[in-house]
């Protein structure tokens, strides 16, 4: 997984039918040589802008949803505790 | 997913039979340390040159099509709203 | 797989239900041009902070667990022997 | 997919049995910040040295072959038209 | 696939049960902008230190083994012929 910070909401009115109802967030990778990489991740656990999150990528991202056929490759799977310093 | 801008059409007359009928677009990654990376993504939702899009990569890209055996690894899954600033 | 060093624990109280009970570690890639890349990997074999480990990424990471539907994309699959110099 | 240029043939006499009969080509990524990245891709459509091709990577590469168990992660899926300028 | 050079053996006594009996090698990517990237790949065809090899990554790496549930993401699938210059 990747540690990232939630930067903003991403709005897309014209999108695949299977993505309807999903929330998308712009996240920025934290730390290391990938710091500053941007991804757009689906969110089903209610992460807020500014929070640090765990992002799961690739085919595993689909395992978070009930529907295997949703075309997503990144999803927020957890929120890093505020008092977790790394 | 990746936020990208549609740059151009890509034409390929000699290609895998299973790709016939699919439209391919050259897209450029927007923002972050990957800005300027080029990908070729299939498009089934009618994205136009200059539009900002969401691109899904990897095995999840195949989930957008009805046919699991199509050899694609990137597809446009949404068009980012014009008034979405990020 | 990637050779990495375990840097710290990652704590996440609000996370996907399927991740409950899993331990997460911050690891840093060792050597080569990716040195310094950070990943968060699940750990089921008891790796300690400071140890050098083998990290498996992508869909293969899920094969280490009994449950195919867990949304993880990186897991520690081995601890590199202390007397292994590379 | 990735736009790449075919650079050379790659010969491997000692290889996995399931790879026998497959042709492998060295290709170089064209354009963007990944320009100059080298990959070795299987070729089943007869791409020639110097041609610009579409390369599909990851698990989708296997979908081009009849045999799901072939250990390849990159394959040439199309030849970019000569008059396609990008 | 990636062209790489075998650098060393990697020894791991404490590892996933499903990895027992597998040999692991440290390999270094050859050529292009990824030159110098290090990976740890399983080896079932007897590659020697110093040899140039083809490494298959991702889910396809598992297809080389008889057991789909082995958590590996990179495996040596061929040895590049000595007289193959690229």
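So that you can tell them apart, the chains are marked A, B, C, D and E in the order they are listed, and the count of residues begins at 1 in each.
As a working rule, contacts are C-beta pairs under 8 Å (C-beta built on N, C-alpha and C of every residue); 3 or more make two chains touch, one makes a residue touch a chain.
Please read all numbers here as calculations on a predicted model, not as lab measurements.
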### Query
Can you tell me the least number of steps between chain C and chain E, where a step is a move to a chain it touches?
1
### Query
Which chains, if any, touch chain C and chain D both?
E
### Query
In angstrom, rounded to a whole number, how far apart do the mean CA points of chain D and chain E lie?
19
## Note on the structure
Per the C-alpha centroid definition, the whole-Å distance linking chain A and chain E comes out as 31
### Task
Hunt down the residues of chain D that sit against at least two other chains at once, touch-wise.
34, 58-59, 61
### Query
Are the chains arranged, by touching, as a line, ring, star, complete graph, or other?
ring
### Message
Touch as defined at the top gives a ring of chains. Read it off for me starting with chain D, then chain E, then onward.
### Response
D, E, C, A, B
### Query
Where on chain C is chain A touching in the complex?
7-16, 18-19, 24, 26, 28-29, 34-41, 58-59, 61-62, 68-74
### Summary
Given the complex, residues on chain C that touch chain E span 1-3, 30-34, 45, 54, 56-61, 63-64, 75, 77-81, 83-84, 86
